[in-house]
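Consider the two complexes below, in which chain A is the common component and chain B and chain C are the respective partners.
Let's look at the complex of A and B:
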């Protein structure tokens, strides 16, 4: 079951899906991220330069995709604390494309109020660009 | 062209010689501290990062919020002065690719803080999959605030093709 927002720990169950999201990976947004991260490499901000490096187009920085997943978790569980987020960059996500983030609850610790999540980002062509996990703590 | 490995890596490596070489490198270098760098945490950068990542929670986007703090992965952009220790042996081919990041959040990072990061080689291992044998080098940065509290740990998995 996909729930837009989780108000408290007791409302969730193993197997729950987080609502899917498609974050903005337009060039201006990626440029803004690269400037904030002091991470302005041509492969991220210039389609033509990225093609010369062998990519189909400019690619979304891996650490930005991790940030998107963290933001999705915060929207799903307002006020929660992300204790750990672990992402594997499996394939390229292209700037100016549509990407889709998914998440699901895989485990819960009722005493510590901690949930474990599986996370993924799917590229526009259906490839999995990022997989990951997170541990998230709820407020008492 | 991927910037991470597309292959599912599950099988152990069979080459005993390579295993021995990697075992020696592991023994000599895992756990060695090799870089110490400081980073200033500024509110404008923290906000710009969070907003670019689509964040809507004011804890991360509003510097006037009573619990304003850096987004969980903010320290992933803080690069150590060196990627590898001086005299670290050449293992694997090429420059390597970014295989992923693991971030552990120990405490909130506040604007105005100066963080000190200590960098170590946390692990070196290999896996074999459809893309062949790959060597994983895990660089760990531990960030402490001015009170010497550990606030963030970032593990960066660098992947190189075994030669």
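Let's look at the complex of A and C:
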């Protein structure tokens, strides 16, 4: 598979992969995010409290996952505009685990300079925690 | 256009001596699906996936309205429609959904008795088979230890593109032990995952749901994994 590091619209094709990334979801990072976003809940910042709620451990907030995906898109295509990002949370991503983000180009509109992307975040056990799509506008 | 499609299938059939179909996919018609059907077709074409077609198995419904024949013609693929229903023994794919079956059971019920799904499907001339049976909670075999074996199951999805390590291995082991036949499907909810797993039908021409149901009852098929290897 071809991997585009810094995407220009004219170089893109259906099937191109975005570079995989493994964002840091250690407890200090998640806690810092929750505090900055005023989104502090025990299930995100306390492993034991999360277990009492039925989770295997503290979980990464969904809005943080979506932020990671958006930042991956912008690193791949600096200057692009994300018109839409749509995520489906299918399973928990655990704090202090290794998660991997992937993306792929699934459609291109040459007149509008818009690409559609598949997005996913894979949990450490191989389960897909988040799937999604995005529509991204490139500059002329 | 139909002639082109037939020609394409003829060459596929001659070249590979089999039909290869992804029997488990979801489109935007499913609540958690994010794949447009045309984008599946573009992806298959661009990636040159060794697929002759796919089956849309939307969750808890049968999509009677959508017509994908223009995409079949344009891309030389067989596109069929089926359903994934939810039972007290996990999720089940139903191929060959018709009015009789739609009248016989409520597809939106998330606790359908599996015996009802199997019996009514058989009566209506459809074919029902549990999917991802090795998965916790929503897989058939997760329920066998506590509740016993379900009579009437003879085929299960042994390769599922959404499985984590260990799930398909359990599915294969249990299917072999119980004498079940196995098929494969990607369970794709986004475009880039179509074709991760599929089913080969040797020496058979499958052009519509009727011939697919016949082929599933016939039992001459096998599951295949086409997951991309790391570094590909």
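Note that the second predicted complex is superposed on the first by the 136 of 140 C-alpha atoms of A that agree within 3 Å, B and C clash if a C-alpha of one lies under 4 Å from a C-alpha of the other, contacts with A are read in each partner's own complex, and residues count from 1 in each chain.
Basically, contacts are C-beta pairs under 8 Å (C-beta built on N, C-alpha and C of every residue); 3 or more make two chains touch, one makes a residue touch a chain.
Given the structure is predicted, the values throughout are model-derived calculations rather than measurements.
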First (chain B), second (chain C), both or neither touched by A:94: neither
Which of chain B and chain C A:12 touches, first, second, both or neither: neither
Chain touching more of chain A, residue-wise (chain B, chain C): B
Chain B versus chain C as contact partner of A:59, first or second or both or neither: first
Partner chain in contact with A:86 - chain B first, chain C second, else both or neither: both
Partner chain(s) touched by A:126 [first = chain B, second = chain C, both, neither]: second
Partner chain(s) touched by A:77 [first = chain B, second = chain C, both, neither]: neither
Partner chain(s) touched by A:114 [first = chain B, second = chain C, both, neither]: neither
Touched partner set for A:104, first chain B, second chain C, both or neither: second
Chain B versus chain C as contact partner of A:24, first or second or both or neither: first
Where chain A meets both chain C and chain B, residue numbers: 86, 88, 90, 132
Complex contact set, residues of chain B against chain A: 1-6, 45, 48-57, 60, 71-73, 76-77, 98-105, 157
Interfacial residue positions of chain A with respect to chain B in the complex: 21, 23-24, 29-30, 32-33, 35-39, 53-56, 59, 62-64, 66-68, 70-72, 74-75, 78, 81-92, 132
Chain C partner contacts - residues on chain A that touch it in the complex: 1, 13-15, 86, 88, 90, 104, 106-107, 116, 118-120, 125-128, 131-133
Touching residues on chain C, where the partner in the complex is chain A: 32, 34-36, 39, 42-43, 46-47, 162, 164-165, 189-193, 228, 232
